Structure formats: C-alpha cells, structure tokens
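The structures come next, written out as structure tokens.
Below are two complexes that have chain A in common, paired first with chain B and then with chain C.
Now for the complex of A and B:
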C-alpha cells in the first residue's frame, strides 16, 4: 500500500474516533469509555496468549492495577496519572512473583493454576478491611485532576474528556504491543508457542520468554484497571471476579487471537451488541446467556474468529491488486 | 592451541525408573571430525544424544566441551555454549515461514532486546540476522522457499530446514539425530555432501543414524554401542569388520547356528 494512502486511512480512523463521542448520548459516552479500557484489557490478554498460555487470572491482575493505583493516591498522595503507571508496575511485579510457581505448569494446568492464584488475591481483598476495604472495596477514589492545555480544558469528570485520555493511553499501549509482536521478541514468543523444545535447542530460554509475555501482559492489564478505577471512583472484589474473566475470554475467542485487531474486533462487536441491541430490547439481564450463545455459535461457525473474515477480505483485495498489471 | 579432548563423554549413566538405558558410556569426539554413533535398536543412542544436548540430565557421569562440564545444563544453555542439536522427526515451527524458522536460529548471536525492539534501534541487528538466515537457507538450497509455511514443505526440505535452523546458530558442535531418515538415495547423497562441507568449515559433527551406507561413507570415526554400553570404536572399515559389532547387529545365535 502506498504510504500516502496508509497515512490517509489512519488519519480518517483517528478523526472518526475523535468525533465519535459527539454523536452519542451521555450513557453511551460512558459505555465508550469502558469499551476503550476493555480494548486494552483484551489486547493485553492476547499478548499473553502469544506464547500459547491461557490464563484465568487476567482480570484479577487488572484489579491489582486498579487497587494499587487507588491506594497509592490515597496513602502516599501520588498524583493520578503517575499512580496509574505505578499500579501497572505493581501488577507486573505480582505477575513476576506468580510466574515462579505458575510456569512449572503448562496448558490446562496453567489455566487452573492461574485461576487458583488469582482467587487467592481476590479473597485477600475481600478479607482485609485494611487497606483493601473488604467486600465493599474502595470508594471515593481520587479522580483524574483537571487538565488545561491552552484552548482545551479537560474536566475528567466528563466522559468525553476521559474518553480522549484513555484513547491516547490505549493507543500508545497498542502501538507498543504491535512493535513488540513485529520484532524478534514477538517472533520468539511465537516460536515458544509452536515448538518450545526446538526453540530451546536454538538457545531460547522458553521459560524466560513465557514469563516476559506474562509480565508485559499484566502490566498492560494493570494499566487498564487503573484507568477504570480513577474513572468509576470505586473498586470492589466482585468487579474483578471470574464472570468478567469469562467476558474477556469470549471477546478474545469470538474475535480471534492470531492478529492484534482480532480481540479488539470481538470486544467492540460484542459490546455494541450488548449495549445497543440488548439494552434497547430490554434483554441486558440475559447478557451471560446471550454471550454463551454467541460463543457457541462462533466456535461452531467461525472457529478462527471475526478476524478471519477481515483476513479473507484483505486477501481478496491483495490478489485483485496482484492480478491488475497482467490485465494492463 | 587446544589441549585435551574437544568433546568428551565420561561414564554417562541414564536411568529411567528401573531401566538403565545407558550404563557407563565413555567416548571422545575430535575437533573437526564427523563422528558416528551407531548400534542396534534400543542400544541407547538417542538417550546418549539427549544427554549431550541437555534434553536429559544424566543420572551420573559428565559431558565436557573443551574441558568444561556441560551435562546437567538446560538445553538452551548447552546451545549457547556452541552445541546445537537437530530433532529426529520433522520438528519445525510449522505455522511460521521458512525464513522465520531460520531467524529463530539466530537467537544466540542476536539476542532480542525488548526496548530496542520497541524503539526500533535494533534495525542493524535485524538486518544482520536476516543476512545470516539467508546464508544458511542458501547453503541448504531453501532460499527460494523463504516465504513458504514450514508445515507445507516436502519431507526432504523439512529435514534440511531443521539443519538450517541449527546452522544459523553457528555451532561448534552439530548434533544430528537421524538426519537421513525418510530421504531417497539422491537426497541422502546431496545431504551427505553438505555435511562434509560443514566439517570442512571446522564444525564438529556427532550423528546418530540407521542408514549404514551413509554412516560408513561419511564418518571419520564411529562409536558402536549395544544394550546401553560401549562396544567398539574405530574407523568405518574397522567397525565394519569388527566381530563384536557384527554379532550385536545380527545376534549371537547367528554363529551358533
């Protein structure tokens, strides 16, 4: 693709994303903020799956970022955007510690192990009134401070402002993930996934790479949790329970995990389905039921996810372009 | 100059539960030679191979490279010390392209760095890694297939790619596990030529193989084992005529009859 067309497409996309909230109602703008945060969550989950391991603890790791960031602002008076980074770092450090017991396991065992480990963390929040606030969690979390650059003023109590802020953060994170995947590091992740023994015979420390993917994914998940905490203003143990994890899994599976945009596609399509279609029809209580159906249908009829439709479309375009000079 | 043996197996023992697969095996491999390891089925060749490459940790005994103990290290640590193995079957990164497979082989020389990867400052390294991968693919006649999915390759090409991945790591010792299995005579002949070329480039080769014609035609020295023990060692013609070796392959009953 010529560079100009490429840049043009990106500027159109960015303009659309910037214009998007202005056509929506207030409650839809709120949903848009959650959607943006969830895009980061599900993309970070895909980073973990690059090495072939699937975890059930990712949402709790997100919660670690949320609790961490909230507590750092409360007890140490750290200003909000910086506390978010510290929350992400806390999630990464916890992941590093958990990786020692967890990466003695692979596949299904790792899946169950990650669930057990994350439940321990979640129950700690529930049991310890200090500092985690027990079952009620933390409330009145420090909001993002207002922000003033010349002509633009951001009042982060407004969903539109917070949407722009999260859009910028998520955009940078996605760019970093894309860079990682399309580098020798990303190639090594794939190698560890497909043939860890062969990778080791080529000098790759497979366990170190699994740990690296887990830690990076956890850092991004922690950041998404911190973004959520300072927007909603409250966190509690049940906002990070396994039901939410099942939503993340559904997004990833329905969207597909072999491309960066697959899980994003899954997250966006299912959120739109949920918020626009189900809410308007008054079915939102049935969300788990409908998600379950969508999951079954997509595994049966679209096993490679929504991304496979896009890939087919791109493929067709590419062959069409390749055939053109022959006609001329 | 080098003193002492280059690669030395010293009293290697491998037990699996009650079974002792290898019992006190010792032999030496000289620098810059092709050394064959043969023996009837179940003699413990592959087990020995796995101990040298770090795939297994020996129950007792040592493997030494230039006097340094390498047994008991992880496979990736053994590889980083210059001893790289290939696998028996077509073990490849099937979902990745031929080029990407070869690029993984460059991991030792161009260790990926996360921050350089994000900022893009590793570009010179990436270019050099690609050049080295191209060189290895060219050597094994795979360069024209660089963009093909490894899982779609023909069998002979699969085996060659396995060796190309090992070669991009620029090993001092190459461990070949049955490199000629499933190849037709023409492919075997071509592959033997390439293995000789590798030796002429000062790469020491230890190989396990069932194809006797290939072994006899290729090896400078051969170690024969039977029932997990050392049986005989010598030049190909010595091994071919060694009565103990013949007995091990054809069975003692042959003489009794």
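Now for the complex of A and C:
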C-alpha cells in the first residue's frame, strides 16, 4: 500500500474516532468509554495469548490496577494520572510474582492455575476490609482532575472528555503492543507459542518470554483497570469475577486472536450488540440468551473469528490488485 | 363519505372544526383513564433484570407494571391539577456499577424520568456521582447506601437489614426456650450488615451465639460443609441471614437432609413452595422470615397503606405464576409514597417531591405510619422506618404472625446495633 494511502486511511480513522461521540446519545457515549477501556483489556489479553497461554485471571489483574491506582490516590495523595501508571506497575509486579508458580505449568494447567491464583487475590480483597474495603469495595475514588486547554474544557465526569482521554491512552498502548509484537521479542513470543521446543533448542528461554508476555499484558490490563476505577468511582471484588472474565474470553474467541484487531473487533461488535442494539430493540431481559446464541453461531460458522472475514476481504483486494497489471 | 360531505356544501374548515368539536365532546364523555394519557410522567427502574441478583429486580418491575396499569386506569397521577399517565422506563444494571452509571445517565438525561428506583448495593456507588450532579431523586431498597453526601437518595420501602430484629424479638417473646443460635451468610455487601443486625438482635434477646458467623463466598454451590459445620454446634436456631434464594434453598435442603429439628430463621424465603417441595411442610413449619404473601388477611388492617394488597397478589400471580418474591410489592409501595408526595407538592420535580415526602418527619409506609429516620446508622434521616411483619410458615403457607415496631426496638437496643455495625465496618462513615 502506498505510504500516502496508508497515512490517509489512518487520518480518516482518527478523524472518525474523534467525531464518533458527537454522533451518539449520552448513554451511548458512556458505553463508548467502557468499550474503549475494554479494547485495551482484550488487546492486552491477546498479548498474553501470543505465547500460547490462556489465563482466567486477566480480569483480576485488571482489578489489581484498579485497586492499586485508587489506593495510591487515596492514601498517598498521588495525582490520578501518575497513580494510574503506578496501578499498572503494581499489576505487572504481581504478575511477575505469580509467574514463578504459574509458569511451572502450561496449557490447561496454567489456565486452572491462573484461575486459582486470581481467586486468591480476589478473596483477599473481600476479606481485607482494610485497605480494600471488603465485599463492598472502594467508593468515591478520586476522579481525573478537570482541566482547560484554551477553548477546550475537559470535565472528566462527562463521557466525551473521558473518552478522549481513554482513547489517547489506549491508542498509545495499542501502538506499543503493535511495536512489541513486531519486534524480535514479539517474534520470539510467536516462536514460544508454536515451536517452543525448537525455540528452546535455539537458546530461547521460553519460560522467561512467557513471563515477559504475562508481565507486559498485566501492565496494560492494570492500566485499563485504573482507567475504569477513576471513571466509575468505585471498585468491588464482584466487578472482577470470573463472569467478567468469560466476557473477555468471548470477545477474544469471537473476534479471533491471530491479529491485533481481531479481539478489538470481537469486543466492539459484541458490546454494541449487547449494550446498544439489543437494549434499543427492547430485548433487555433476553440479552444473555441472544448473546449466547451469537457466540454459538459464531463459533460454528466463524471458527477463526470475525478477523477471518476481514482477512478474506483484504486477500480478495490484494488478489484484485495483483491481477490488474496482468489485465492491462 | 367525507368527499360527499364536502361536495354537499360543507367546507373543509367547517368539517375539520366540527370533527374536532365532536372529538372533544366524545373525550369529555369518556372515562378519565384515556384522558390521562395526554401527559406522561416517566419513572426510571434501574435494577438487575438479568444475572444472579435478578430475583430482586425483575419481580419488582413486574409489580410496578401492575401498579402503573391500575393507576392509569384510575385516572393517572394528578400533578398540579392535570392527570398524568405513569410510564416505567427500565434499565438492566446487572448489579454492576459501571452499567448502573450508564443506565442512570440514560434515564435522567435522555428519558427525562422524574424519579429513579434502584435495588442499590453494588450498583449504587457508580450512580452516586450522577445523582449528586443531577439532583435526581433516587430510592434504594438497601439503606446501607445512604450517606449524608447524597441527600436525594431515600430508602422508603425497606430498611434492610434493620427490620430483621423484629423476628428475633418475636422469637424471644414467643419461644423463650430457644437460647442458642448459629448464623451463616454470603460474604458480601448484603450479607455483612445483616449479620451485624442479627448479632445485635440475638444479644438483645439473650440468645447465645455458639460460633462466629460463618461467612461463605458468594460463589459457593455446595452447602453441605456449611450446614455440617453449623449443626456441629448443636444450635436451637439456625439463622440464614439475608441469603439470596440460590443459597436459602440448598441450605434448607441440607438442614433437612442432615436432620435439623430446630428453628430456622431467615430474612427472605422467596419461592418457599419450592423449598417445601424439596423438604417437607412439616420440616418448614414455623420457619420465620420477614416477607409476607400479600393475600394475607392481616394486610387488610386499617393501618396498612398498600392499596388492595390481596388483589395485587392475585393479579401478580395470575400474570407471573410462582414468581412472587420479597421485592414484588416493594417498588410498587415506593411508588405509592411517591405518588402521594407528587400530588401533595403539585409537582414531579425531585426537590419538591422530596420536601413533600419528608414533611413533618413522617410518612405512610406500606405497613403503617412510619418516621424518617437513620441519622445514627446512615448519617441522614432518609430511611422510612416503622412496623415490619414477622412471617411464619404455617401449613405450607406464609402467614403474618405480628407487626413489630423497629423504632421501639431501636430505642431500647440502638447501642447494640451500632456496636455490631461498627465491628463489621458497616457504619456509614466506615464505608469505602
């Protein structure tokens, strides 16, 4: 693709994303904020899956970032943007600690181990009323401070302002994730996934790379949790239970995980379906049923996820372009 | 026919004017319900309608629909001399604070509702900033959401878990031979304040706790070990706290299977017919809880303020057989109070309604005259508290044994309540 077309496409996409909230109702703008945060969550999950490991603890790791950021602001008076980064760092450190026992396992065992470890963390939040607030969690979490840039005033209670803030953060994170995946480190992640024995025979420390992917993914998940906490103003252990994790898995499975945009596509399509389309059509109470049906249908008819549709379209376009000179 | 009328010399203008006059005259002859449809006042219903807590949202919405139909059929709500039709706009918050925030935004800023009813609990902290910004009047079924920072949040129907003291008080007066108890509860925002309340009530009644409260994780599905541990202390009373029906049912089954012969005490016993089917009427006989069936003759007493409770129960069961639960009537009873306040204020604006509702410090609760109360426990007098029924299973049917006064109990034992609430970090200034 010529560079000018590439830049043009990106400019159009950015313009669309910037204009998007102005075409939505207030409640849809709220959904857009949560959707943006969830895009970061599910993309970070994909980063972990690059090494072939699927975790059931990713949402709890997100919660670590949320709790961490909320507590840093509350107890140490750290400004919200910095506490968000510290929350992300806390999630990464916890992931590093958990990686020692967890990466003694692989595959299904890792999946179960990650669930057990995350439940321990979640139950600690419940049991320890100080500092985590117990079952009721933390409320009245410090919001992002409002600020003005010339004619633009950012009131972060309003969804449009918070959307722009989240969009900027998520955009930077996605760019970093893309760079990681396309760096030698990212290629090694793929090697560890598909040919771990071969990679090890070539001197790659597979466990270290799995740990690195887990820590990096956790940092991004923690940041998404921090973004959520400072917008909603509350966190509690139920917000990060296995039911929420099932949603993340569903987004990843329906979207596909072989590309960066796959899980994002799954997250966007399913969230719009669940939170906007079905609610507006009056299927408020039938949503879990319809959501389940969509999942079954997509697994049956799109086993490689929604991304496979995009890949087919791109492939057709490439073929058409390749054939053009021949025709000429 | 219209064309022939016009051809016969009646002008279009005359025809339209006559038709409008005729329609106006016809409207005057029609009963009030149709005229009430001219203007509509919208009420937000923000509660879990799907998911594990749906049993405390969905039946309430079903009850509200009946309430609205009856009110609309009776001429609607009179606001400033004009009849208004009532319409409920529901949003499923899934007991999630983020979704509740979205729902509150939609209801207030898009649907233009004048009042929002919530279950509360987990979802309230997400809505709190929206409530404070917009000044909207909200109601909760869980007064533990109340705090001085949100003056527009009221708890006008249910003073959970404070009313639980009435059953323990009744037990102490009527079965004084029962002197020992154990308690279990799910470890969550609903279970813990209820544990503190029961502990205060047991202490006030001179009933000894044989063990620390057994707090189980809400994800628990196997209750055999929970029940085994409780029964190992050989209690006379087993208290199920405010467990969700998903826990109450298997715990009762386990109590039955493990041969418990004593007194069962619970806050709710939703779908008790199913529990009886799984155990036996004899086993469940005498089980005490707090939520009556509304076909109970005791609800026809003069001091009851809920409109036509027996008919409401019959209609509810006709539409939703087997789904009557603790909250089926509660949201509708909140609407009774709201309607009275709106008609008194002549306005549906939140400030005016709240002022009319709390004027004089008293209000008409479903179970009788009550007072606005709560400063001690919630930091603000926004909970309507009065009498509450003590209900027992008798011959397989829920029957009200007595209405007992919560304020009377609190006047005598308030310090105990505060002590136990503080021990469980449930005082308003200890939260979050």
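Keep in mind that, in the parts below, the second predicted complex is superposed on the first by the 322 of 328 C-alpha atoms of A that agree within 3 Å, B and C clash if a C-alpha of one lies under 4 Å from a C-alpha of the other, contacts with A are read in each partner's own complex, and residues count from 1 in each chain.
We take it that a contact is a pair of C-beta atoms (placed from the backbone, for glycine too) under 8 Å apart; a residue touches a chain by one contact, two chains touch by 3 or more.
Quick caveat: nothing in here was measured; it's all calculated off a predicted structure.
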Greater residue coverage of chain A in the superposed arrangement, chain B or chain C: C
Which of chain B and chain C A:187 touches, first, second, both or neither: first
Which of chain B and chain C A:288 touches, first, second, both or neither: second
Partner chain in contact with A:202 - chain B first, chain C second, else both or neither: first
Partner chain(s) touched by A:239 [first = chain B, second = chain C, both, neither]: second
Which of chain B and chain C A:27 touches, first, second, both or neither: second
Chain A partner contacts - residues on chain B that touch it in the complex: 53, 55, 74-76, 79-80, 84-87, 91-96, 100, 103-105, 107-108, 110, 112-114, 117-118, 120, 122, 125-126, 129, 165-166, 169
Sites on chain A touched by chain C in the complex: 25-27, 30-31, 34, 123, 126-127, 129, 133-140, 143, 157, 159, 228, 232-234, 236, 238-239, 241-243, 275, 279, 284-285, 287-288
Residues on chain A engaged by chain B in the complex (per definition of touch): 176, 179-180, 183-188, 190-191, 194-195, 197-206, 212
Residues of chain C that touch chain A when the two form their complex: 49-51, 58, 90-92, 95-98, 101-103, 105-106, 109-110, 122, 125-126, 128-129, 133, 187-189, 191-192, 217-219, 425, 431-432
